[in-house]
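Pasting a structure below so you can have a look.
For reference, chains read A, B and C in written order, and residue numbers begin at 1 within each chain.
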Amino acid sequence: MTDLLHQARLSRGQFLRVMGGLAAATLATACSTRPETTATTGGAAATELKFIGVADQKTPMDELAAAYQKAKPTVRLTTSYAPTDQVQTSLRTQLGAGNAPDLHVVYPGNGSAMSMTQIAQAGLLADLSAQSWTQTIPTGFKPAFQLDGKTYLYSAGSSVIGAVYNKKVFERAGIDAPPTTWTEFLAVCDKLKKAGVVPIALGAQTPWVTQLITYALVPSTVYAKDPAFDDKQLAGQATFAGSGWRQAMEMYLELQKRGYFNDKPNGTTFEQQTSMVATGKAGMAVQVSAVLPDFRKAAASPDDLSMFPVPGADDANSVWIPAGVVVGLGAGAKGKNAEEAKAFIDFLGRQENINAWAKAIAAIPLTQDASSSIDPAVQSFLPFTKDRAVPFMDQRWPNAEVQPVHFAVVQELLGGDSTIDEALKKMDEAYRK
Amino acid sequence: MRRTFPLELVMIAVAVAFLFPVYTLVSLALKDPGQIASSPMALPSPPTLDNFADAWTAAALGPSLVNSTVITVVSLVALIALGSFASYFLARVQSRLGYGLYILFLLGIVLPFQLGMIPLYRLVTDLGLIGTHAGMILFYTGIQLPFTVFLYTGFIRALPGDYAAAAQIDGASHLVAFTRVVFPLLRPITGTVLILNAVFIWNDFFTPLVYLGGSGFETVPVSVFAYVGQYVSQHGLVFAGLVLGALPIVVVFLALQRYVIKGFSSGLKG
Amino acid sequence: MTSLTAFRSRPARAARRRGSAVTPPWLFAAPALVVYAIVVLYPAVSGVVYAFTDWSGIGADGSFVGLANFATLFGDEQAMGSIGNTLLLTLAIVVVQNGIGLLLALGVNVKLRSRALLRVIFFAPVVVSPVMVAFLWKYIYNPDPSAGLNGLLGLHVDWLGDPSVALWSIAGMVVWQNAGYSMVIFLAGLEGVPRELHEAAMIDGAGTWQRFRYVTWPLLAPALTINLMLSTIGGLKLFDQVFAATNGGPGYATETLSTVLYKQAFVFGKYGYSTAIALVLALFVAAVSLVQIYYTRRREVTA
């Protein structure tokens, strides 16, 4: 080995020749590798639409982009995907410099730097209100799609937050049916613990995972009692500290106190959480249904996994659930291809395409027809979606700072470095900024 | 056998400890999900190449390799050309203005990249270079010039001035004196400049994501992370993707390693 | 090198006399200056303007707010806390990375049979992308006692989840990646230590430690200067690894100036404020580097 390494030495002449050769070869390829951008069909030059999205959108988007290409060969979609944080940075830079892609990921409602409200307020999203699919958006979801009565977001439907559980583990622990009240939920956890598995896997090292348990409980502890809580809070008449948020946080910490989480949740990642449930080391994880495909990919058999609503109340009838519009996309308002981009969104708004997108991410389709299929894992949520469901809380928050503060205070609470009073106070402060 | 034997043993032990993360990476990439769950630390038995096959096709690394190579190689050539010429001047110039210019270049090392991000993106857009190799090459050449100038200038200052002077006695122009006499003397530091810049440019993820995302010209890290992002919990696939992404630069390093480390040793004396 | 021997044989004095006259023309620096100005100087200068506005980062430009962003900064608990983290992290990286780098360099500078291979192994992590290293180490820092580093060492540490450990875990990951970098720079310095000096010291009866302290160490000063400067700047500006490993958490335990300014710009939509933080960070890095260069250069002279 050492001799080999010695021989790798280059003389100056060799070195310069290598460099020169590389440079020449590279320039040659540089000139020849430009991908076809002007495919011609029947004499018409193709329009190229650029889409930038988050990694979770890849499966449905690639499928529908290919379908669109068939239906309309003069338009070519080039897509790129990256993890959420990176996309956010990249898109904010492009939007900031006034050079938005034709189509890009947009988060529903408000409360994040890439949310519909924040980008539409800056005048950077095209108005989609003239498209027919927008007429069928259910009333409860309108705040997620619309600002001042105009629609700026396309999304294929909604996802729910609940417990993703491993059916085999539940069977082995002697649990026949998912719990429907908080007391039953605690009893289930206890049975799992006695059976020697971690009842609830929690990957709080990954910031966004920290919020899910609070989000699962707050619909029952806050909105079941006061459905207009968001409006009151916006008007300054309600606070986190003075509401059922306190009770939700107490329940969250009670789960930890009883030893129902894995050891060291703050050091455990979403990835580890997923594999714990998928491989049967843990019974369940509180998660959003959009990541069901991740759990299924990691499991020996995808059918081992299902979901049930987390019952955040002791009366089964006052259990409410979080059901939020899934991450969607919008069209740039100012691009030279704005009309073509809107036409593509109109295509996505067709019922069969809403169905296809929703299916790929286990979402409940925005509007349904006979051919809509709903993932069997989320069937148990359907009875709630009509009048006992609340959008994800951040979608109504007035700025992008509350959510990261929520992440941080939950980590601090789990680490025992803070109190519920302090945590809620920090969230209220961020809300008022 | 020798006095150095105990030291040799200690150093080998340290090297083994150093390799532990690499072992973790490669062994996970060679395991199926069952093995990862049951015995994460053990040797893969039997090893499987399925993860690599999947990562290679799903991440579409072929075209990305071409893009990364083009961008890296042309940027390096530009950096070495511009950087060595400028440094030759900066190392030899005696005036205050010349020294000020040198400090101006060094300022680029301390500036956080976030400071000029949006104005630069605007500028590159106006130049029509978004989504092109040329835009990336311009970016890397500019952003890495300060460090390149820092390395070259230090080295040239430590060189005796005689050679170039002697060449000029022979009537050679500055250009000829530099390219024929001085530049060849810079070979060791050029090796250092080459490897450090190559590592930075090849591995950079954020800028190509912003400038090339959706253009069809994505570089290897952009493709790898788009792929990795979809397979969050499947460590075998994720790590196979990471190994494939790192492999080209590691192979180049191993092929040139003697030259690289040697160049470093004689290059950083200045 | 044969072409050079001709020049070497010329009378050196004649050449040196003319040496000062051979300043190359400004034109040599012009192309580099143009590219540098386009890519770095112009954007930085136009970016600085935002530090005095309340621009959100998208849409219409914000309005001029004077020094308000800087005033906010000094009252911002999080940003101020992150300065402490940034300094601690930098200190840990500078001390440990250079300490290990020096020991490795001293080790492989001895004529060991495996020295060439050892150098390659220690330097190899340098060539891998920091984001990939962070991905890998997140797995290695698994809190599960049967996997990763805990599994190897039989420990049960919550590497990234315990707020009192997380910052040091990040430092550990950075040191693993960059110790080889410090090593080669020290090796460069060691090769400049003349063998005769060591032999003379040995004849005088100096032990290993004394030879290191009085012969090697003073001559390592230039390598030390470069190492300290590069690792300090790297530590103060560290972003990728923190961002990928913890994103500032748990809580705010690993938040650094770089992550705070990133979040203000791209998560909170306060681009103007984030530019003000970036400006303060730049001044910070420049000041620390200048002080460091001043002191180490002085040591080089007196040593």
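The working rule: contacts are C-beta pairs under 8 Å (C-beta built on N, C-alpha and C of every residue); 3 or more make two chains touch, one makes a residue touch a chain.
Chain-to-protein mapping (UniProt): A = Carbohydrate ABC transporter substrate-binding protein (CUT1 family); B = Carbohydrate ABC transporter membrane protein 2 (CUT1 family); C = Raffinose/stachyose/melibiose transport system permease protein.
No experiment lies behind these values; they were computed from the predicted model shown.
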Chain pair with the higher count of C-beta pairs in contact (A-B, B-C): B-C
Of all other chains, the one whose Cα centre sits farthest from subunit C: A
Separation of subunit A from subunit B, taking each centre as the mean of its C-alpha atoms, in whole Å: 34
Rounded Å distance between subunit B and subunit C, as computed from the means of their C-alpha atoms: 15
Subunit A: positions in contact with at least two other chains: 5-6, 12, 89, 93, 96, 272
Shared-contact residues (touching 2 or more other chains) in subunit B: 117-119, 184, 205, 225, 228, 235, 254, 257-258
In subunit C, residues with contacts to at least two other chains: 57, 113-114, 116-117, 120, 262, 265, 271
Complex contact set, residues of subunit C against subunit A: 1, 56-60, 113-114, 116-117, 120, 138, 141-144, 158-163, 243, 246-252, 262-263, 265-269, 271
In the complex, subunit A residues that touch subunit B: 5-6, 8-10, 12, 15, 19, 22-23, 25-27, 29-30, 33, 35, 50-52, 54-56, 58-59, 78-83, 86, 89-90, 93-94, 96-99, 101, 270-272, 274-275, 278-279, 281, 294-295, 297-298, 300
Subunit C residues touching subunit B - in the complex, by the definition given at the top: 3-4, 7, 10, 12, 14-16, 18-26, 28-29, 31-33, 35-36, 38-48, 50, 57, 104, 107-108, 110-114, 116-133, 135-137, 139-140, 146-149, 151-152, 176, 184-185, 187-189, 191-192, 222-223, 226, 233, 237, 240, 258, 261-262, 265, 271, 274-275, 278-279, 281-282, 285-286, 289
Subunit B to subunit C touching residues, read off their complex: 4, 7-8, 10-12, 14-15, 18-22, 24-25, 28, 40-41, 78, 82-83, 85-86, 88-90, 92-94, 101, 104-105, 107-112, 114-120, 123, 138-139, 141-143, 145-146, 149, 161-169, 174, 177-178, 180-181, 184-185, 195, 199, 202-205, 221, 224-225, 228, 235, 238-239, 242, 245-246, 249-250, 253-254, 257-258, 260-261, 264-270
Contacting residues of subunit A [partner subunit C, same complex]: 1-2, 5-6, 12, 85, 88-89, 92-93, 95-96, 112-113, 118-119, 121-124, 204-205, 207, 263-269, 272, 399-401, 404, 407-409, 411-412, 414-415, 417-418
